[in-house]
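After this come two complexes, each holding chain A, first together with chain B and then together with chain C.
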Partner chain A sequence: MPKRLAIVTSAIALVLAPAAFVACGGDDSSDSAAKPSGASNAAQGETLEKGVTLTLWTMPNSPQPKEDLQKMVAPFTAKTGVNVDVQEVGWDVQFDRIRNAAVAGEGPDITQAGTTQVPFFAALGGFQDLTDKVEEIGGKGAYAEGIWNTTQVQGQDGTWAIPWFTEARSLYYRKDVLEKAGVDPATAFKDLDSFKATLQAIKDKVPDVQPFGAPGKKAYDLVHQVMPFVWDQGGAELNADATQSTINSPESQAGVEFMAGLITDGLFDKSQLERDGTQVENQFKGGRLAVWIGGPWVLGSIDRAEDDTWSDEARENVGVAPMPTGPSGKAYTFVGGSDLMVFKNSEHPNEAWALVKFLSEDQTQVDYAKLLGMFPARLDPQQQVGDSSENHKAFFEAIQTGRTYAPIPQWGQIENAYKTRFGNILDSAAGVGKDYNAATVKSQLDAAAKEADGLLAQSAG
Partner chain B sequence: MAQTTLQPPPEARPARSLPLRAGRPRRRRRRNWFAYGLIAPALAFMVLVHLIPTAGGVVLSFKRLNTFTFARLFDAPWAGLENYRGILFDTANPLHSGFFGAVQNTAVYTFWTVGGTLAGGLAIALLLNRPMRGQRLVRTLMLAPWIVPSFVVAVLWQFMWQSDVGIINKVLVDYTHLLSERPIWLLGENSMWAIVIPSIWRGLPFAMIFFLAGLQAMPPELHEAAAIDGAGPLRRFRYITLPLLRPLIAVQLLFCVIYATYQFAIPYIMLGSNPGPDADLMMTLIVRQSFSNNLFGFGAAASVLLTLAMCVWVAVWYRAFKRDLEVK
Partner chain C sequence: MNARLVNRGLDALTWLVLLVMLSPILWLVAASLQTDGQLSRGAYNLLEPTFTAFSRMWQTVDFERYLLNSLIICTAAALCATAFASCAGYALARFKFRGATGLSLGVVGTQLIPGSLFLLPVFMGFVWLKQNTPVALFDTHLGMILVYTAFFTPVAIYFMRYFFAAIPRDLEEAAMVDGCTRFGAFVKIVLPAAAPGLVATFVYAFLFAWDELLFVAALTQENAETIPIGIRNFIGNYQERTAQLMAAGVVSTLPVLIAFFATQRWLVKGITAGAVKG
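For the complex of A and B:
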């Protein structure tokens, strides 16, 4: 008889697991939410205290993230006597770790954060407002407008981050494939029509390679892939004051339909929708895709012999073109990258700022960006990298005109909602979801807008 | 029968039912204290890591937790039944349709996973129960999927399902020509099968070993007698094997259903944080809305509802199988 009791008891214990689990998840924030962030009133002296150690969280930006960055900051330590402990935090956990650290008041001194995450983290209240200090590094004027916007929170005063390095999306293509298809690279991706015509020519004349591919809803950056086409058509993610979603406007719909239309026209390899961003990137590097939208880091990996994801043919024939222009005559692309944020509870705020300043020096910016295959965040060093080759020039131009999303704390959630719906639409176009037609697209975008409006209506009350 | 089963053993009954003989109650109490002392650490641990967080989860389900308030956690504004109303009745709330989609998917996933695991496990156990050469080797090999972590299972199958280069389509299309076109497994309606099949594959060995133990403990005389009386293999399975395995099936069913309903790793790793409308399960939905979207109130409320649903399942299961659990 006790056997029966034992089975029932263990079943109940198992049954209760999820309720307990959600409570656990929030716990580390709960205990510590009440803790004072007393460290912010640390000594405000001008001189730096030698021998202290700053903790810096970084994400896997380069092949050896921790070692590379540790080497990069060695001159800072030599000059100031301030030690830097570089700690690597994976991209898969960085959102949770930074959020928990900001809420708990127990974290490093400085952290790297994705540009679209900054407003959310800033709203948690755990970071220093750097407004009074930014003039020391040239202020707003030292950065491209789109990049500087990523340090702000819409509707609030304050500068919550300093841009660290930058990326924008451009079109990667295979020069040899274009040649076989008989298309002139100079005009191949000029506007949306020629972009489509180029893909069609590749499909017709070069059968052993897929014309184009992009990841599906598994990719963290699906929205960055689709939004340039939405912007091309005059659409937008939110209205100007970020109070309402406009993703279901006719213009936005036209943009999403352009991307989905590439699938229905057989120009977009639909099997790529099963993959995430890195996997699709490797498909281009492996020579299975002729055209692909990607960031500058891929350019940086061409010369890296140990990167064996490249096929020889692809490695030798990489070309980069700016994104095609839309009906308005303007080309749009997503500009992102990473910023540095200083924790409010840092016990060494002066030293932390000194490190941020060091990482913003032109030479450090160029050296580190080069290591990453990214672009420096500041205009002058950016220009230097842009001048280094034809392909880099395409990225430099993309950064100058690149666009980012409204800097509001709810953006991450809205992006998730859009990602889901964009994914569903692309799946439909690939023939594995609801029947693909204008009504399906419209209903998905209406649902996305409704969800976004609900998220925008969230308040602290 | 059930009532008597769940009553405490006679020693633990209140002292007043005992004859009032001097000295006995005190000794008994002392002995009880010793027993309580022994279970105290386990009890304290259970309260700390299980009951308190569970109670916390229930409290959170009544709070308005969003991007702006989640950091205050238990101090967040009280929302009453708002989360539950939004999930269950507010058709204008996008979380409502997402929740019911996930409920449906979880039911489909659980049905096929549990059905496949139990039926497959039983079938393999029956095959392995026959005397044959290399039985031990085959049995050991059959256990292999069980020792592979869910994470690895999901990663492996994700590669195998890929429509263009995956081995499954290669076999189905290129080698055997069973299909003329390459199906896309990881998107749309197929994605449900893409998670059900690896889940069955992973669960089979445990079910198999469980049933095999039951089969081997079965007295062979029963089958022999039935065979002499002219019963064929099917009838012997139907009237001897299956009834004798009922308690084992009952226990397996209970745990498999709970395990499948709470499945997270396989869909999450294979299909990402949002597996899409055809394969979004309750756990992926709860984790995504709580931890990516900061809607911890919604997540807690959905967890509580899921927990209640599982309590109902345990109750139904108990009524259906209570006789099978008695030690005869």
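For the complex of A and C:
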């Protein structure tokens, strides 16, 4: 009897402990999981099947991400009878989730993806090529060039995403501070010299506010903050065919040194380097910073009374200017945002495309962009939002000339490598870590280039 | 006199250490009672706390869903792990049977492999099961309960074995002399005597599952997401709701605190204190 009990109890434990692992199936699971479920065959018919439910993944874009988007797609459901289940995926986990879904074939029908992530996801092979369909929504001509490029993979045919909403970076400044400093806003940020002179004037004449600030290596978008200055100087992140890093070229180095120089000249509040992008934004909104590089969503928050991060004087004195012109004669800025991608494994490809089309309609674009404080992705509705105020106009212009990174699958990892090195350089300019000098900058950029070249040499994905 | 001074000094040191340990929690609570504006400017006003963050957090993020999922998954997994471990732990503590040493070593051996190595096979297995069989484990409560139970059962067996080994055999033997079966003695005599061990094991398993992120991030998509996933949605690329994040932190700490204080007397009770009296 005791022996029997012993066997039974230990058997339970033995079976249970590894149960989850034993149950995972054999080695062939990856093959079967990666197989498309024959959905592409169903893509022939044009009529939409009523009553089906599409799943759409979205990230926390607006104040109430899920409800806001669910409301936005309600007219689509009313018109077509196709239901949409909006699911919210946090930014922290979205990369892993989308990658897993693309590889395993177990995911939603459509997902939002950051513009610089699209090439990586496309290379996984889990998404539909939309080339044959894009003409239905106006094709390439309906979008600004920089935005359209985010749907492509360099060196490959195919359109893997449809731009959804757009952002670009411009200079935010405080009108009252510029007035106190005796600087004319019309010429204050014309080129890099006047930009620096303006910051100097603020430093000299308005001591109770810091002239300028930008986030450090904690910010997901540090590279977006630094690269415009690199482009200004004629530098680039990669060479033209995206086979080699050029971040350690003399031009790129000059761009990085311009930004770091603001710190050594005392024009850049170095305490901001400890913050991430939103925290620095809140410093501007709270009245601690006079000038800051930001996206259009901040404009949308000015009128929102419940946003109490604004101090009164900052809220009433917001000005926006395009990024300064560099020695090359052009004013560069980063343009990004989010695209929509359709999964190859979607069981309802026709309905999924119909939803993408609906989200690309001009009115839907304007309404959703307004809710987010972003810009629509398409040119016509973009123009409409751009015409709504002087500040919006500055962003509209920035988007038209905006630049993004080479659309290659390895970009995400390369951006991370650059981010770490840029962060180190800005830190050393602020007196943390190695002494700041040209040799330090060069060695950091060399290390970044070496890491990037290593990643470029690896196969995509 | 000297000894008194030393004692006082040690007391002071204890309080200091306690304060340092508690300060992040105090800061969490204080920050949850401020507005985002106050937090971003560093202008805390502790005298006029506001509960806005606590009311708004439920609208910003579907937090009750995450909270409920966490409660269901963690409670069920901790219960299963404790139940299975008490059976296995008892067997290992009381009986000599063929393979007992191997089983003990096997149980400890599972702990030598980093858990994250199991992630990919478990993920692919769950997805394969979903696509090829009616077994629904991917993105379900059952799947997560199974994973957490499997994870914690080996450690729990180890725990429980030593709790049972410390209980005098005389207790069960006395019960069996009085007519109890072996199983009856296990349920009526041994388990109550091992209650502190059961509670400790349950609480440990519950806390482990409550904080786990890696597996739940990969193995769920919508239906079975827990708090560690949901709490991150307060931070977006374009906005951060720090006060609400802190409020959510307070709310998700509460069940753990309640669980701890409710079971505290069991946790500190001696294993067999007073058991053989009378």
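Basically, the second predicted complex is superposed on the first by the 419 of 461 C-alpha atoms of A that agree within 3 Å, B and C clash if a C-alpha of one lies under 4 Å from a C-alpha of the other, contacts with A are read in each partner's own complex, and residues count from 1 in each chain.
The rule is simple: a residue touches a chain if its C-beta (ideal position, glycine included) is under 8 Å from a C-beta of that chain, and two chains touch if they have at least 3 such contacts.
Because the structure is predicted, anything quoted here is derived from the model rather than measured.
Which holds for A:Glu88: it touches chain B only (first), chain C only (second), both, or neither?
Once the two structures are laid over each other on A, A:Glu88 reaches chain C alone.
Contact-wise, after the overlay, does A:Lys450 reach chain B, chain C, both or neither (first, second, both, neither)?
first
Considering only the touch criterion stated at the top, classify A:Asp308 as touching first (chain B), second (chain C), both, or neither.
In the superposition, A:Asp308 contacts chain C only.
Touch check for A:Asp96: first (chain B), second (chain C), both, or neither?
It touches chain B and chain C both.
Name the contact category of A:Asp68: first (chain B only), second (chain C only), both, or neither.
It touches nothing on chain B or chain C.
Looking at the overlay, does A:Asn416 come into contact with chain B only (first), chain C only (second), both, or neither?
Only chain B; A:Asn416 stays clear of chain C.
Taking the superposition on A as described, I'd like to know which of chain B and chain C A:Glu251 touches: first, second, both or neither.
Once the two structures are laid over each other on A, A:Glu251 reaches no partner at all.
Which partner does A:Gly216 reach: the first (chain B), the second (chain C), both, or neither?
Touch partner of A:Gly216: chain B, not chain C.
Is A:Met59 touching anything from chain B or chain C once the two structures are fitted on A? First, second, both or neither.
second
Considering each complex separately, which residues of chain A are in contact with chain B in the first and with chain C in the second?
1, 3, 5, 7-8, 12-14, 16-21, 23-25, 29-30, 33, 96, 276
Please give the residue numbers of chain A that touch chain C in the complex, ascending.
Of all residues in chain A, those touching chain C are 1-3, 5-10, 12-14, 16-21, 23-25, 29-30, 32-33, 37, 59-61, 63-66, 87-88, 90-93, 96-97, 100-101, 104-108, 220-221, 276-279, 282-283, 285-286, 288, 295, 297, 307-311, 372-374.
Over in the complex, which chain A residues touch chain B? Could you list them?
Contacts found on chain A: 1, 3-5, 7-8, 11-27, 29-30, 33, 95-96, 103, 120, 123-125, 216-218, 269-271, 273-276, 409-410, 412-413, 416-417, 419-420, 423-424, 427, 430-433, 447, 450-451, 454-455, 458-461.
Can you name the residues of chain B that touch chain A in the complex?
4-6, 49-50, 53-60, 65-75, 77, 92-94, 161-164, 182, 184-190, 251, 254-255, 258-259, 262, 271-272, 274, 276-278, 283, 286, 288, 290-294, 296, 299-300, 303-304, 306-307, 310-311, 313-314, 317-318, 322, 325-327
Which stretch or stretches of chain C touch chain A in the complex?
Going through chain C, the ones touching chain A are 35-38, 40-41, 59-62, 80, 84-85, 87-88, 90-92, 94-95, 97, 99-100, 103, 106-107, 110, 118, 121-132, 137-138, 146-147, 149-151, 153-154, 157, 181-183, 186, 217-218, 221-222, 229-230, 232-240.
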